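Chain nomenclature is as follows: A, B and C, assigned in order of appearance, with residue numbering initiated at 1 for each chain independently.
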Amino acid sequence: MSVDHETLPLSIRDLQRTREPLERATALPQAAFTDPRVLDWEVEHVFMGGWIGVGHADQVRERGDYLMVEIGRESVFVVADDDGVPHAFLNTCRHRGARIVQEPEGRLPRVQCPYHAWSYGFDGSLRSAPHTDEIEGFDPQCYGLRSVRVAVVEGIVMIDLSGTAPAPDDHVGDMAPALARYRLDGLRRAQRIVYSVDANWKAIAENYSECLHCPGVHPELNQLSHYLSGETLSGAGAWCGGSMTLRDGAATMGRDGGHTRPPIDGLTEEDQRSVVYYLLFPNTLISLHPDYVMLHTLWPRAFNRTEVVCEWFFEPATMQAPDFDPSDAVGFWDQVNREDWHVCEITQKGMASRGFEPGRYTSEEFDVHEFDVMVADRYMEALAGAVEVGS
Amino acid sequence: MSVDHETLPLSIRDLQRTREPLERATALPQAAFTDPRVLDWEVEHVFMGGWIGVGHADQVRERGDYLMVEIGRESVFVVADDDGVPHAFLNTCRHRGARIVQEPEGRLPRVQCPYHAWSYGFDGSLRSAPHTDEIEGFDPQCYGLRSVRVAVVEGIVMIDLSGTAPAPDDHVGDMAPALARYRLDGLRRAQRIVYSVDANWKAIAENYSECLHCPGVHPELNQLSHYLSGETLSGAGAWCGGSMTLRDGAATMGRDGGHTRPPIDGLTEEDQRSVVYYLLFPNTLISLHPDYVMLHTLWPRAFNRTEVVCEWFFEPATMQAPDFDPSDAVGFWDQVNREDWHVCEITQKGMASRGFEPGRYTSEEFDVHEFDVMVADRYMEALAGAVEVGS
Amino acid sequence: MSVDHETLPLSIRDLQRTREPLERATALPQAAFTDPRVLDWEVEHVFMGGWIGVGHADQVRERGDYLMVEIGRESVFVVADDDGVPHAFLNTCRHRGARIVQEPEGRLPRVQCPYHAWSYGFDGSLRSAPHTDEIEGFDPQCYGLRSVRVAVVEGIVMIDLSGTAPAPDDHVGDMAPALARYRLDGLRRAQRIVYSVDANWKAIAENYSECLHCPGVHPELNQLSHYLSGETLSGAGAWCGGSMTLRDGAATMGRDGGHTRPPIDGLTEEDQRSVVYYLLFPNTLISLHPDYVMLHTLWPRAFNRTEVVCEWFFEPATMQAPDFDPSDAVGFWDQVNREDWHVCEITQKGMASRGFEPGRYTSEEFDVHEFDVMVADRYMEALAGAVEVGS
């Protein structure tokens, strides 16, 4: 039996019940939310085992621009070289191991360790390591920063710590044209808020995937788009999603119905009456509005704690307007976010009970089920592989 | 060998030394206070394995009144129905598992999950689950809240998560008449203070069970009742206790000797000159004063941390007096409580030493020994059962 | 195989690579810094297995003066008796286990437990235990405080919890004459600052052992003594160290070059132009300046957290001067300390990466290597012993 199986305390039978069609399916097993071993497995095999979203191209556009993320005990930074091409590296100096960059983002004049001043090129190659001349067999070519696979697809910056995931375009799949239509790659960021949520990352993803809770939890949102409106979307790629229709009188999601900004250039009439919610597996939530895009990235910190980075992106031309003010959109979603974190947190607590049994889906939780199936599939692959190895 | 034995790192020989008569006995083994596995076992087998006190009837008197407690990863709430009859349930919605109530107490207009609005009767039956019509085999009768056994004895609200403990009256036993004499069931709460104490719950129970420490730790208390005064009480039921005699000039435990309130109606002359301290196993401390009752409930959070809820109850008629002021009693005991928590905390720290060996009892620690024997008995039952299973 | 080996997840081959001469050596294995089991082993076998520094003689000079330290779950206090002779004891009362003293230092009128008032002589013997007359077989002679081996060498107070370490003079070895020349035993403390550092204790010891990082991290220090100045020191005893030369115009390490105090009496011309840095294994850093001595003691709290106590000592005559002001020295080193903790903390984080491999030493890290070899030797002894036991 492989290590994977031993550390993944889930039964194939339970997972098969989740993979049934919605009408017959049962939610993910309790341990998926409450057992630290499942989280450890997910960090290693889901978050380090394929593409994850780490941010937006706007943060790594110019020479030395970087963003840094932490996943498990790893830290990775993505930095733009002289030509604005992003490179990703493990954030660990090859001398004594100090972290090269400390902040979640910024601009570096050069890639230099703050401890003993070892310096590296934007391609990771070791450029300077003082007082190593007399060290035997010290070949600077062997002491470059360790590279991490990186890709930018329609403005979404992704890394693959495994180095072996399928092509990034296949990961994004049929979602890409929508991102292109909303010109995501060219948008600029106006705001960034980081939340610490006492809930499993999947509880947050599930919460994002349905609006059945909106009338009770988000009356202000339900006022702008009815919770039963819109359609489910499907297509190739590791994502699920759906649209909601803006009510008459609402121009976007924002306080006061948001009539203050022009729509993103080139959107269809239907786009301008909709908000489209995509979940790019596993950790990236992309919410397309007529006049802006909101991006959540989820960072598991424990089986019951997740850091959520939320960012808002607008057209450069819109942001340059002298009266540009994103506060209606940011304030609206900040409130909705906090309402969501609360219900995620009380769900996390309630699921810990020994009396808890995974429930049934309602008809309005189609995307929740689709997300859960993606998760269950990953677990199944590991368990099936383990059985094979063990047999 | 059963799981119980494997997770209870205690030796029968050590426990037998605790169960000797006081003059020959040795205190509980170190691991009982410093090993997280013992605490885990206690939460599961002592706190979830029989009756525990959760509060007072005054909190669940009227329709929708509830109180909520947490023990281990469980949360249970007790709520009064239309007739004022209390029902207890696991605090976990049957849909996605959210906690139904969040606060330690309050009043509910109805029992409704705040996430997706599933609603339940005060008897726990599922009343409404929107968008489940098309779900196959979804029988609402199977999705009621999970019931927990509940009882109210002389005003003390108790739950039994095992569902198999002996009758609640047998648990309270011969202590009941005293509680009745102090009319505990009809008293009203005036104040509630919650403490977080960095000590094992048993160290707090032991501290409550002797006044040998009073001259040094509580000079203000020793001034109102001499630490060697009073008598030990005994009788049927899972409790230990004793009285102390008020000194001349002291009317109750309170700042300035507490001459401000009439005694509880119907108390004897002796009652009016005494304070009686009961410990109802495992977690309920009931202190009967001439004019009020103080209730502590102990909530283990870790082997070295306990949450203590302390409440003060008075006669309704006393509380209705325009000049009613409980601050002398509350302030007095709040100070004594904090002095006790301090010595419990330094004992918890000191017991962690590898050089620590359980000490001998002194002649003034009779009730400490009696409590320790109750604890040792529970351990012994588990170990004896394990030996039987294993042999 | 012994418990030691099982709990020390290190390979002999890796440790042998550290013990090579500097030019061919590789730094300590990753697990030495990031595995909690190594820290647990170190606490038990390094910190409790031989001499550690606990403070300075100035804190235990007069009757009842005490200092208290915590290591792992142990607490030890050193207290001076009527003749000013220091005794050390486990800080645990023999009755119910309460800690006798709570503060890191102070003066005791007598040794008395604050819980039930058991009292002990300064030699640890039980003097009073109320209400034990009727306890069978209770012999007060068997209930004295548990002694710990203590020694004072040239003003450094040390304890040996194992009781079996070689003579304290052998531990200090050839470093003693230097401490004597700086009259360390007779100096008085002017200031004490405690830091909590999120790094392994060895990362802090390594940081102390080289100044290669000074130009980048401590420009203010590099301005007073060039990072390549001075010499490495060697000799018998469990220490490593080296000197640095003060630049022209600098009288000591201090803000504004420190010209405010006379040198310590009897120092050589060379002493007055130098700062000498000693690391007494495992946890004591002694920095000899022309006019004062700085003492760091390191207290591991977790694999990635260390408490550091930093103290500054001056000549009594100097301190009695009406215009005595240590703030230039204290302020200077407080800033340097904080700069050091920062780089230690980012190193601790970076070393946690799975992509981290121990690096090579540079030619300027001679003392780092010497310290690492002392550590590797301890590991090797345990692993060799385990192999022997196991074979």
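By our rule, contacts are C-beta pairs under 8 Å (C-beta built on N, C-alpha and C of every residue); 3 or more make two chains touch, one makes a residue touch a chain.
Since the model is a prediction, treat every value here as computed from it, not as a measurement.
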Intersection of the contact lists for chain A and chain B: C
Copies chain C and chain A - interface residue numbers shared by over half, same or different: different
Between chain C and chain A, distance of the C-alpha-averaged centres to the nearest whole Å: 45
Per-residue multi-chain contacts in chain A, two or more chains: none
Footprint of chain C on chain B - complex, ascending: 23-24, 27, 34, 206, 212-213, 215-217, 343, 346-347, 349-364
In the complex, chain A residues that touch chain C: 73-75, 90-100, 102, 114-117, 129-138, 143, 146
